[in-house]
Every structure is written in C-alpha cells, then in structure tokens.
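Both of the next two complexes hold subunit A, though its partner changes from subunit B to subunit C.
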Partner chain A sequence: MPPKTCALCENAKAILKRPKTGQQICKDCFFYVFETEVHNTITQANLFARGDRVAIGASGGKDSTVLAYVLKTLNERYHYGLHLFLLSIDEGITGYRDDSLETVKRNQQQYDMPLKILSYDELYGWTMDRIVSQIGKKNNCTFCGVFRRQALDRGAAALNVDHIVTGHNADDIAETVLMNIMRGDIARLGRCTSIVTQGEDTIKRSKPFKYAYEKEIVMYAYFKKLDYFSTECIYSPDAYRGHARTFLKDLEAARPSAIIDIIHSGEAFEIREEIKATQKIQQTCKRCGYMSSNDLCKACTLLEGLERGMASSGITDRARKKLDAEGPLPENLRTIPFYQPPSGNPNPTITIGS
Partner chain B sequence: MVSESCGNPSVETEAIMSRRPKYDKSKFCIKCKLNSGAIIVRHAVYCKECFPALLSYKVKRILEPQINSKPELSRKKSLKASGNLSIGFSGGLGSTVLLDLISRIYLSHRTETKKEEGVTKPRGGKDHPRNEPVWKMVSVCYVEIASGFPGMSDKTQKIHQLLQENYESLEFIPIRLENAFDLSWWDKVGGKAALDANTDLTSDELFVSTAINSPDSDPVQKLRSYISALPTPTAIESAIHTLIRILLLYTARSTQSSHLLLGTSLTSISIKLISSISQGGGFSVREEAQEEWNPDSKGAVRLIRPLQEITLKECSMWAWWNDLLVVGKEKYPRGKDGIEALTKEFIIGLERDYPSTVSTIARTCAKLAPKVDAAGLCILCERPLQPGVQEWKSQISIRATKEPSPPSHSSDPSSVLHSLTSYLCYSCHTTLSSRSSKGVSRNSANTSLPLPVWASTHLQGLLVDVAITDMQPNLKEADEEIWLTHKVNPDEMKEAIGEFLLE
Partner chain C sequence: MTTISLRIEFGGGLELLFSNEKRHTLTLPSMVSSDNNSKTSADALSGVNTKPADVEYLVFYLRDHLLQERPELFMESNTVRPGILVLINDTDWELEGEGEYVLQNNDEIVFISTLHGG
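Coming up: the complex of A and B.
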C-alpha cells in the first residue's frame, strides 16, 4: 500500500493517526493542531492577561511536563506576556514523588522557570506515609486530595501568583462528568467542566488541557522527546474512579470522539435553578481562613482528627460527633497557618527552591 | 501447594464472611407487614400481593400529572386527555409490561363488569359508565426494523397475533423502519412532499444534494443505504433509535393522540442517559425522560415513559408472575460494539456492586437543564438545537487547515449544494461525522446518506431558492429565522476594503 499523505497539509507523509479525530497526519501538522487547540482554549476562555504571574502545578508526570513545555512555547509564540513558575507538592510518599520531583527540577533548568516545592510535612506537619501509618490504607485519598488542593493554593500564595494552571486533560474531565452523574454529586457536576474555578478569595485555577486527549499528550511528549515519570500512587486506588476510567477507555475505543462528546454534554447542561438554591454557600474557615462550606474547612477537620488520634472524624458524621463529645480543642493543637490570599505584591515573599 | 495454616484467602473469604443481607430490616413485606417478602426493591421487601400496588403507584405518579393538557403536580381535576393514546410496543420486556399495566390501570375495567365473590356488580365510582375514559381511543404501534438488515426475521405477524389474543380492543398499527424514507407513508401521516435529499459523509460539512423525488424510489433501498453509509456501530444504533422515535411520534399524531407512551424502565433510562451524554446529547438530557414534541406546530404529542421509576428487575418479576409473553427484540449486527451496548454492560455490572446506581443516574439527570435557549430544532432528530455547536467543534478539534469544498461529483448544476451541519444538533452531527479506527467497513464506498422524509421536508423549508441564494448569500428568511452564510474569498474581501489599501 502506498504511504498515505497527511490529511491536513496534503503534502507530507502521514506518520500518525490522530487519537482525537482518527485522521492520519504528519508530525508537524500534529504539533500545529495540538498547540493551536490549546491556544484556542486559552484565548476563547480569556484565561490570561498580559503580565499575569502563572504557576504551573507540576508533578513531573506527563500532563504537567507537556503543559509546562506548551505554555512556554505559546507564551513566546503568541506573546502572552506571562511570568511562568513551577509549583510542586511533595506529599511525602516514599518512592512516589522522588523521581518525579527530579523531573520537575530538570524542567526548571530546561525551561528557565522558578520552582517552588511545598511539602505536606512543612504545611501540615504530617507526611502521607505517617497518615497512612495512623489511619490505614482506607480513605486516605480523602486526606491526600483535600491537603493537595489547599497546598497548591498556599504554594501559589507564597509565590504571589495570580493563577494556577493544572494538567487536567480531557480524559480526566470526561471521567469526572460520568462519575459525578453516577454518584449524584450535583455540586461537582455543575462545576467540573468549567475551565476556570475561582472563589471570592482563592487563586484562579484553570485547565488549559481541558480538551487535550491523554493519548495526544503522550504522543506530543514522545515526538518532542520530553521525559516524564509515570507513577501510580502506592496507596489505595479509587475503585469507583477506576471503573469509570475503564468504561471511558471502552467508549473511546468504540468512538474516539466520545471523550470530547462527554465534555460537550457536560458544558451544555447546568443544575436547575430551584436545585441550586438548596446548595450550601461558600464561606471561610474560622481556623485557617481558607474557603469552606462549613465553619471549619475540610483540611482543618482532617488535621484535627489526625492530631487527636481520631482520623475518621473528618470522614464520617458519627465520628465527628464523637470527637466533639470529647471536649473542646486542646490549646497546643497543631493547626494550619492562616491563609493569606496573594496581595498583588509583585515580589515573591519566599525564596524559590532550587 | 497452599499450606493449611495460611489457607487460601480467595476461597476462605467467601466461607468466613457472612453475606450482608440484601434487605434492611425484616424479611416481611414493608407494606402489609404480614406476608413474607417475595421481591427486594432497593433494600425494601414486598410480598406478591402488595407488589402490583407498588407498580401501579409508580406508573400513576409519572403519568397522571401529565395527562391533562396542562401538566399539574397535585391533581384535583379529573383525568381527561385532550386526544387519543398511542403506545409504542417493541416486543421487549419494558413495553410488554407497560402495555399490561396501562391496560389494567386505565382500560380493562371499562370493558368488564366487576365480579366480587361470584356476584356481578355494576361499575361505580371512578369506573362508573357516566365517567368518560381518560383516552377515547388507544392504539399500539410497532416498528419493524427487519428490512434494514438482511437476514433478520420479521415479527409483525407474531406481534399482531399476540395483541389480538390479549388486547382485542386496541388498534394495532404496524410501522416499518423504511417508512422513514417512504413518501406515501409521509403523505398518510400528513407530511408535505419534499425533494429527495442526500448528504455526503466524506466531509464534516455534510454537503447536501437535492433532486426531484422519483416516486418509484425504493424506501427499503434507501434505508439500507442510510445504514450502510453510517460510519460507526454507535451511529447505526443511535440513528435507528431516532428513526423509530420519530416514526412513532408522527404516527401518534396521525391518530390524533395527545400522548405517546414508551416502556423505558428505570434501568433502560439510566443506560440511555449515560449513552446519550457519551454521544454529546447533554443539551437534550431532559428529552430523554419526557418530551413535548411539536416540530411544525400542527399539534403536540407528549412522549412519556411511565416505567421510568421501575427497574428492569421489577419488570421481569411482573412479567413472570403474570405469565406475560415477551416476544423479544432482534439485535442488529455489530450492535455490541456500539456505545449504547457498552454502556448497558457497564451500568448493569455497576448496579451489582452499587445497587442504587441506576436511580442515582436518573435522579441526577432530572436535576439538569440546558444552559442556553435552543436555536430551533434539529432536522434529523427534531430535538432542540444548541446554538454555536460548529464553532465549538472547530476550535477544540481542528479537522481541516484548509477550507472544505463541496465534493466534485456533485458539481452537477441541477443539484443544490448546502452544508447540513448548521441544521443538526451536536449528537446527530457526531453520529454522521465521527469516525472510528474500528469503524464499519467503508469498502462499500457508500458515503451518500439519504435523508429521512421529515428531514428533507424541514430542509426544503429552510433553504431558500437557489437563484436567490446565489445572488444574496446572506439573505435572512423572514419566517424561518435562518441565515445562509458563505465563505468570503480574498478577492471579495479586497473589493470591500479596496479603497483603504494603498497598493
């Protein structure tokens, strides 16, 4: 069979089949469409303003490695005028982050971007290894997830950036849409497809890879020869998410557009007005100042449980009542430092790690 | 060899762990609290005697607020539909149970006299002969799909016989899938004859060519070309569902029906919702549960799924206890590779471990509404059209770096060329254009898809005269609110801004 020509430029030899569209295209056209689609996503949603200080949530995995590269490329090509930073969180899981953090450090040098690494240990006084040794392998994703979200915001505040971008890709978002429908999480379903999330006094967060297929991110890293680490968390994989991911992969195999189709569906609907009215209003945590739906934010609740040796109090209502019955908060209890949203001061208030 | 002290955990867990009871409190019926239970419906136990009341209650709860022409949540007025009733019957479990329940709740007591302890009593109360029935006439519609797939057996006769034996008073209306391409059927249900329209699937622009319809064109042949031109098994599955739905709706209207009932169970509706969302149908998520159909303002038909709170398991028990004969539905070739079949397998598997999954899905989706107002109707599925779909698609999934041009073989001056894309909803456009690496064989080289009669008619209404189009590409039709656009070429642009150019 004669070699196929690229379906886009109709000139060069096609060397890949595009996962998103099934078209057979050449390498240069692939780079062009991949980067342009990310650029379109950024410009359509008006993600950035000239002069913005933007932190890339960098884990050393494929998504954030490619995101750092593409953002740097687009920033130069289209003159976004952004100041880019790398921000990494060290959860304190032996053997999980070590190699990936090395990647991030290498990226810092390759891309000439300042890097800040913030650890759970530094912020909460607990590493994930210690949390797991206290609570066992069940439910620890709750701790890690809640702690990471807040750690990123706090790291960003320390870097004095306006905006955090994360490497969430189209597969992640489609999977979250399905999962939120299947478990009836209306509040999250309403916001999981938004490209930007921002509370009143939290840092703006966005997902420029919202429409980028995981397979294409890998393909981009492969052709650009970017190196990254693929690491599976050694603690408790989320069984339900695992089901949803397998299902999504099957759908993608049946029809590759399924991922983007699910996101389109998620963007087309919203929660009905009368249901919205019944949802909780956002407030700030009385103890640490971070955004919260209750008097205490989830991270403070979880941390208090850990400190007082009743870790499950952050997870179930019954355990929380038991904790409350034990008496008031001991005076010497370790708490999370009070959260200060970025002040707009152009100079970072902390030293940037090397 | 496994040592005895360590044991074999995979075997022993089953032996040591006591099974969690499937019901919450006791094994006695939750309703009468006397009989021991016969079926567990999401942790609640019911006996065989109380079960019919449960199903009847669930059907009424969905259906009755929608019977009078103005939907009402708390019913005070008597039930009186503004038209007749059509029931879509596929021969599957859901529609068999639906027909049985509807006939028991609303129809049977009108033709029978009440017998209690051997004594015949006159009908009284709500059933008193002076009270008019909810619907004057009830018809059962069956769509036979066999012609679309060579080798598939035709069940019309079997279904007709079944209905005659069990539901004598109901009118049987057989419909065939090829009716969607049949002008005489279209004429019969009150449609206006249209040009023959074909769309070319080689480009995402879906260029349409129209020609004068030859009355002898064979609907079966057209149906088969329609199916063979579709690019994926998912597309075939979803296109057939759409054809069946619209055939039923037009038929219902031709029988002056105000209501069309379908036997979609809670399990099926959850599968349908996830599958539709996975095919980009988020904008019409409400229509999956219930819809008010009135595409040309000639009379509305309310499509209701009265079994939407009854699981497949409950349906099976009902059919089993009442000896209902389920004819069954034919599966089409390669159907198992489609998104709907994958979703079905996934949801049914998930429900085993997480028993509330199906009801959670349905309840979650019931809390959703489209974000923006619709910009008309999709000409293929006649559901609301979301504006801005094509712009969205082209931004996030670049499929062409050059401007597409109409296919060369259609350069025949007698045919009209237009892109179909702006008249299709996201789902239908995806159905026609999204390809797969493991797609249906394209060797047949059939990329010309004949449009169903209603789509051709809508299209004809939307497109303005060729001559006018050529002269005024941006003419807005006064009645139809549709813009025709064309790409401005560089010469045209230069002409427009010529006076500002220095060279």
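Coming up: the complex of A and C.
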C-alpha cells in the first residue's frame, strides 16, 4: 500500500487515523491538532483565569502524564499565566502505587513542577494494603475511591490551589455515562458530563481532556516518548466499570464516534424537577467538615467501620444500623483531621488531633 | 524456505502478558498457512493453502508462541482485543490495512494497551 499523505498539511506521511473524524494525519499535524483541541476546550469553558494556582491530579499513568505535559506546553504557548503543581495520592499499595509514584517524581523533574504527595496513611491512618488485609478484595474499590476523592481536595487545600484538573478522557466519561444509566444514578448522570464541578466549599475541578479520545492520548504519549506507568492495580479492579469499558471499546471498534455520541447523550438528558427535589442537599460532615449529604461523610463512615472492625458499615445501610446499635463512638478513635478549605473561604479552621 | 525478521514491542502494560519483556525479535516464514495455524510445520505447508505472512497471522503467532498468560486480554475474535493499538513501522495500522498488511523483512510492530488506568 503506498504511504498516505496527511489530510491537513498535504505534505508529510500520515501516521494516524483520527477516531473522531477519520482524518489521516501526519505526526506534526497530530501534535498540533491534539494540543489545539485541548486549548479550545479550555478557552471555550473558561476553565482558567490568569494567575490561577492549578494542581494536576497525577497518578503517573498515561492520562495525567499527557495532561501535565500538554498543560505545560499550552501555558507557555498561549501565556495562560498559570502556576502548575503536581498532586499525587499515595494509597499505600505496595508494588503498584510506590512504582507509579517514582514516575511522578521523574515527571516533577522533567516538567519542572512542584510535587505534593499525600498518603492515605497520613490522612486516614490506613494504607490500602492494610484495608485489604482486613476487608479482603471485595468492595476495596469503594474505600479507595471515597478516600481518594477527599484526599485530592485536602492535598489541594494544602497547596492552596484554586483548581484541580484531572486526566479523565472522553472514553472515561462515556463509560461513566453508561454506568450511571445502568445503575439508574440520576444525580451522577447529570453531573458526570460537566467539564467543571464545584461545590460551595470544595475546590473547583475540571477535565480538560473531556473531548480527548484515549487512543489519541496514548498515541500522543507514544510519539512524544513520554514517561508513564502502566500496570493494573493489584487489587480487584472495578468489575462493573470493566464491563462498561469492554462494551464501549466494542462499540468504538464498530463506530469510532460512539464515544463522543454517548457523551452527547449524557449531556442531553434533562432531569425532571420532581426528581431533582428528592435529591439530598449537601451539608458538611459533623466530624471532619468535608462536604457530605449526611451527618457523617462517606470517608468518616468508612473509617469508623475500619477502626471498629466492622468495615461493611460504610457500604450498606443495614450494617450501618448495626454499627449504631453498638453504641457511641469510642474515645481515641482515629478520625480525619478537620477539613480546611483554601484561604478566602470563611469556614472555621479547627484541627482535631487523631 | 525464506524467512522474515521482525521486531516486536509491547507497551501500555501489555508486556505483562509476554514475560514482562517489552522488546522481542522473531523470525517468521514468509509464507504461512492461510488458516493462521502457526504450528503447521514448514514441510506440512505443501499440503495446505498458504498466504504471505501478514499481521493477522502475527497476532496468532504471538498468542501461540510468546504469550504467557490470559490470552483473552490480547485476542478477541481473530484479532487483537479492542483497546489495543497497533503500529506498523510507527504508523497506525488502520492506515496500513490492519490485519491484511503483509509483513516485510525488518518491520517493527508495536502493540500498546490503552486499557490500564490513567
């Protein structure tokens, strides 16, 4: 087969077929259109203001590594005036996260960005290794997901940043749309396609790769020879997401636009007012000050269950009732330090020791 | 019998299925069994339909000779599993005819999994 010529510059040899458009393009045009589309996503959604302090949630994996590289490039090219930081969460998974954090430490040098690592051990007094040794592999993703979300906010507060960006890509968002539909999770279905989410006293979060296909992110990392880490978590993967992912990849193989089409469908759903009215109002956790839809936030509930040796109490309502029946919180129980939102937020700053 | 020499690279976590080695070199006969049976010996080929060695055949060959575990993470319905990117001499295989691409001596074929967490 003769080499195909780039559809954009009509000069160099095409090296990639774009999943979004079917266009065949050369390496330089690919770098340029990929970066420019992310730039357009950022400017059209007004993600940043000049002088913003922005933390990149960095796992050492492909998405966050490419995000750090592209944001650094765009910040210089278009003079965004951002102060960029790398923020990593150490879940305490030997043989997995310790290796991927080495990648983030190299990225810190390569991209010349300050790095903050916050560990579950430091924040919650538990590593994932220890949690799994107590509860087993079933449901451990629930703990990890709840703990990570809150850890990112707390790490960002410590860095005093205005904004957290994550490497969630178009494939991730399409997967989440499918999962929320299958679970009937209307509240999350409404939120999961938003490019920016911000609660009253949480730090703004956004997804600059919302429209970036995973294929292009991986190709970008490959052609730029970026240093990233790719190993599956050693604990049970999220089985439900795994099925959604396989289904989505099968759809993509048949019709590449499926991913962007599903995101579009997710955006187009409208939630009826009477359904909205049944959704819980956000408040702050009575124990740790973090946002919550109940008296206790999910992380405090899970942590209490672990501490009292009744780990399932954070997962099912029945187990929670059993925990409550055991009586009041014992003294000297490990709790999460009180949440201090970044400066400019009027919430009280009380520190409760563990 | 003429042979072709190939360089194979695995990335994105796919190397874990191949003895945790990213780079491999291998030699294939230039003509292979049309049914992609990579265990047909060269002598037995005279009795079966043959075709020039292509990427489709290579995928079967890798599964049967190099892969150490969990073949379902590498192959699905006679090709690589969706979510695995293939590059032929640093070009997206979708531009090169995918499985029908006829391998040439000294070609470099890269397989990258996109399925690992980011």
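To be clear about the criterion, the second predicted complex is superposed on the first by the 341 of 354 C-alpha atoms of A that agree within 3 Å, B and C clash if a C-alpha of one lies under 4 Å from a C-alpha of the other, contacts with A are read in each partner's own complex, and residues count from 1 in each chain.
As a convention for this text, a residue touches a chain if its C-beta (ideal position, glycine included) is under 8 Å from a C-beta of that chain, and two chains touch if they have at least 3 such contacts.
What you see is a predicted model, and the numbers here were worked out from it, not measured in a lab.
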Which of subunit B and subunit C A:257 touches, first, second, both or neither: first
Most subunit A residues touched (candidates subunit B, subunit C): B
Which superposed partner A:333 touches (first subunit B, second subunit C, both, neither): neither
Touching partner for A:49 - first (subunit B), second (subunit C), both, neither: neither
Which of subunit B and subunit C A:4 touches, first, second, both or neither: second
Partner chain in contact with A:17 - subunit B first, subunit C second, else both or neither: both
On subunit A, the residue positions that both subunit B and subunit C contact, one per complex: 17, 250, 253
Subunit A-facing residues of subunit B, complex: 232-234, 273-274, 276-283, 285, 337-339, 342-343, 346, 350, 354, 357, 360-361, 363-365, 367-371, 386, 392, 395-402, 426, 430, 434-438
Complex contacts: residues of subunit C adjacent to subunit A: 11-13, 16, 81-83, 85, 87, 90-92, 94-97, 101, 110, 112-118
Subunit C partner contacts - residues on subunit A that touch it in the complex: 1, 4, 13-17, 24, 59, 61-64, 167, 169, 171-172, 214-215, 217-219, 222-223, 230-233, 245-246, 249-250, 252-253
Sites on subunit A touched by subunit B in the complex: 8-10, 17, 20-23, 29, 32-33, 36-37, 40-41, 44, 177-178, 180-186, 189, 211, 240, 243, 247, 250-251, 253-258, 260-262, 264-273, 275
